[in-house]
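In what comes next, subunit A is part of two complexes: it sits with subunit B in the first one and with subunit C in the second one.
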Partner chain A sequence: MMTTVSFYLLSALAVVSALFLVTTRNLLHAVLALAVASLAVAGVMLTLNAEFLALVLILVYVGAVVVLGVFAVMLTGHFKKPTLPSSNELKIIAVVVSLALVTLLGGVILGQPAVTGLKEVSLDTVGKLLLTDYVLPFELVSIVLLAALVGSIVIARGKED
Partner chain B sequence: MTLTLTHYLLASTVLFGVGIYGAFSRRNAIGLLLAIELIMLAVALNFTAASNFLGTAGGQVFAVFVITVAAAEAAVGLALIIAIYRNQKDVDLDKLTLLKW
Partner chain C sequence: MSGWLALLPEFIMTAGLCAVLVADLFLPSERKSWLSPLALLFTALTLVALWSLKPGLAFGQAFMADGMGIYLKTIILLSLGIVIFSAWDFEKVWARPQGEYLFLMMSAALGMMFISSGTELVLLYVGLELATFPLVLLTAYRPADAKSAEGGLKYLMIAALGSAILLFGFSLIYAVTGVTQAVQLAAQVAKGGSPLVMAGMVCVVAGIGFKVALTPFHMWAPDAYEGAPTPVTAFLSVASKTAGFALALRLLAGAMPGLRPQWAQAMAILSALAMCLGNFAAIPQTNLKRLMAYSSIAQAGYIVMGLVAFDTIGLSSLLYYLAAYLFTNLGAFAVIMAVERFTGSSELSAYTGLAQRSPRLALGLLLALLSLAGIPPLAGFAAKFYLFAAAYGQGYGWLVIIGVLNSALSLYYYLRVIRVMYILPPEPNAPAIPKMPWALAVAMLICMAGILVLGAYPGPFVDMARAALVP
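Let's look at the complex of A and B:
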């Protein structure tokens, strides 16, 4: 019962802050809305008994992505002039496309047989899978992270000499 | 009224749709990147829900991968935005027509 109530509250919070993120004119508010949405999704993951992923999500999204976003907004000075409309002329098409997509996916999901009952997925199993069956993708992801790290330093540093 | 996998999948579908709307309609490059982060968030939630309802740990492994790739993408994307801002003094996507001819 407690889980059900918290699932509904947290997913409503996630959707509301997501809507705020995509519509607000002030980009700094949008970045903060991403932090709220990530925390809410982490809470939804807690109702799934996925504590590890909830903590990783908070660490990476709130700890890294949001801080990067705040820096980008500050460095490009876009928190000063929130006068421009936040959306371009594709707005109506975008509403239609995303509503159609949600309706389509929702119809497919509702057509599936209901799966009830959470299974126990221990962190032990996840860790063992990461280093046995999924060891190749795991190493690839670490190379991707290294490349992204070096690449973003090189791109953002610019020409000094 | 117990929670089923359908509830979680619908919640993440709505988040995904909101993210798609943002990615289509944002005028500012930073807003676009934030909307893409939202899409990644919805995907990670989807993987986790499927994993914990079906009892297979593979979904959680892939959720970790999705979160990692989202972080890498944010780092590179925001670095690109700063580089573009340094050259063009603007990150309005409608004005970035340097590669158009």
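Let's look at the complex of A and C:
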């Protein structure tokens, strides 16, 4: 009962903060709303017993993405006044398309018979899987990161030398 | 341990990209010209390892070094080698660091190699990211140039959107089937597609559309092609497209053959849209790199027909077209690079009277453009002929009619470039075009030879493509 209530509360919080994120005109508020939305989604994951996913969400989104976003906003000085345009010319189309997508996917997902017999995935299992069955993609990610690092340094260094 | 041997080419490529990065660190700046030979050496070693390899599996069934994987990887590595040749002195021409350029090109190639052989969703996704990230960074490699920055940013946004859609599709498919390996997935899907798997398949088709730049997922291509340094554009247009089709072959043909009627229908519509939009939008272009971007969107439309046909003829024609496309497009870009080097521009006006200023370059571009248009006896004709025949054989007559009409239409804008080169007299103050640097000449000669040989004797190469399909 407790879990169900917190599931719905956290989901509502996630939706509200996500809506605030895309409608606010202040860039800093938007970044902070992203933090709230990510935390709420992480909470939803916790109520569904997906601890690993919840931890990764907090670590990556709140810990890295949001902090990076705050830095970017602060350093570029966009936090003093509302800097985002107040209206989007494609607002109506965007609403129609996203409503259509939600209806379509929601219909499909609700029509799907409930999945049963799911095992709880512990951190232990995830760790073992990452270093056995999925070791190849796991190691490949390190090259992705290396390439991203090298490339972004070259671009950030900027000037044609 | 035996499974590891199947990964030998990938290991050599990884060693190569690390070697380039470390050598760049320790080489004094006057010796930086050693980096290109080093990268080329490792590319050649990878090719040798690839060809001496017996087909094999690694990591359960996550990695399959089968005939198709070897064929696709050969195309990717050849295009890497030819591009390295044609931009031998990248640093001098583009005034940007050479070592990181080579490193990023090689890491993208590594990602594409994993896509070509990956038969497991997680590996395919990580390979896709590795194939895309370095190319985004290379597109924005000249941040001082507003076009490069703009192209890079657009590519980044739209590639991220494409990845997200693909990943969402994977998650829907995994939610129903609970497996990520292509073989098990194919068995699960064959039992009957649930609506959720269908939704996942639609997302996967869209994700592939982003990668190979099919209409309506092509928006990034013109800006990225125009903004990127030309060697990167060449690599983007050939290797990245090949990797996109590798992804399509592994995901749609490999993991979801049971849903073929559905995805073939979707792909046929995307193919028709890409052919029409690519060719119509190419007509008013005045920048040759932008024109090639729209032309490559249309070419992707033709190539998808092989996937739509989905029989041995269709898939082998698709593979054969990729080989023809490799030489044709890289040949065209080699000429664009040469002209850009001496005139500093890729606008059509820089090509006025090229036939008199540099007959060899003009002839090279003439061959490449006629091959792209599909004029016999060049490679593009044979390739297009097989593709159309395959699609017709599977009852896609309407698609073939659209394809043929579009080929005629494409001739118009290819001929417009040829007219500028051959009919118009050179402007009196046009910059002179001296002798080409030897490496660029070698790259161009390889491409021209490829266009002529693949066009005149398609038989052995078609057999090679067909043999690649035998598991």
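Descriptive notes on the structure:
In this text, the second predicted complex is superposed on the first by the 150 of 161 C-alpha atoms of A that agree within 3 Å, B and C clash if a C-alpha of one lies under 4 Å from a C-alpha of the other, contacts with A are read in each partner's own complex, and residues count from 1 in each chain.
The rule is short, and it goes like this: contacts are C-beta pairs under 8 Å (C-beta built on N, C-alpha and C of every residue); 3 or more make two chains touch, one makes a residue touch a chain.
Nothing here was measured: the structure is a model prediction, and the numbers come from that model.
After superposition onto subunit A, partners subunit B and subunit C are found to sit side by side with no clash.
In the superposition on chain A, A:A18 makes contact with subunit B only, not with subunit C. Contacts of A:I155 after superposition on the shared chain: both subunit B and subunit C are touched.
Of the two partner chains placed by the overlay, only subunit B lies in contact with A:S98; subunit C stays clear of it.
Once chain A of one complex is fitted onto chain A of the other, the partner contacts of A:I143 are limited to subunit C, with no touch recorded for subunit B. By the touch criterion defined above, A:V70 reaches neither subunit B nor subunit C.
A count of residues in subunit A touched by subunit B and by subunit C gives the higher number to B.
Once the two complexes are overlaid on the shared chain, A:V62 sits clear of subunit B and of subunit C alike.
By the touch criterion defined above, A:L130 reaches subunit B but does not reach subunit C.
Taking the two complexes aligned on chain A, the least Cα distance separating subunit B from subunit C is 5 Å.
Residues 105, 109, 112, 115, 133-134, 137, 141, 144, 147-148, 151-152, 155, 158 of subunit A touch subunit B in one complex and subunit C in the other. Within the complex formed with subunit B, the subunit A residues making contact are 3-4, 7, 11, 14-15, 18-19, 21-22, 27, 30-31, 34, 37-38, 41, 44-45, 47-50, 52-53, 56-57, 60-61, 64-65, 68-69, 71-73, 75-76, 78, 84-88, 90-91, 93-95, 97-99, 101-102, 105-106, 109-110, 112, 114-122, 125-126, 129-130, 133-134, 137-138, 141, 144-145, 147-149, 151-153, 155-156, 158. Remark: subunit C residues 14, 17, 21, 58-60, 62-63, 95-97, 100, 103-104, 107-108, 110-111, 114, 120, 122-123, 125-127, 129-130, 133-134, 137-138, 140-144, 152, 175-176, 194-196, 198-199 touch subunit A in the complex. By the touch rule above, subunit A contacts subunit C in their complex via residues 104-105, 108-109, 111-112, 115, 133-137, 140-141, 143-144, 146-148, 150-152, 154-155, 158-161. Residue ranges on subunit B touching subunit A, taken from their complex, read 1-11, 13-22, 24-28, 30-31, 33-35, 37-38, 41-42, 44-45, 48-49, 51-58, 60-61, 63-65, 67-76, 78-83, 85-86, 91-94.
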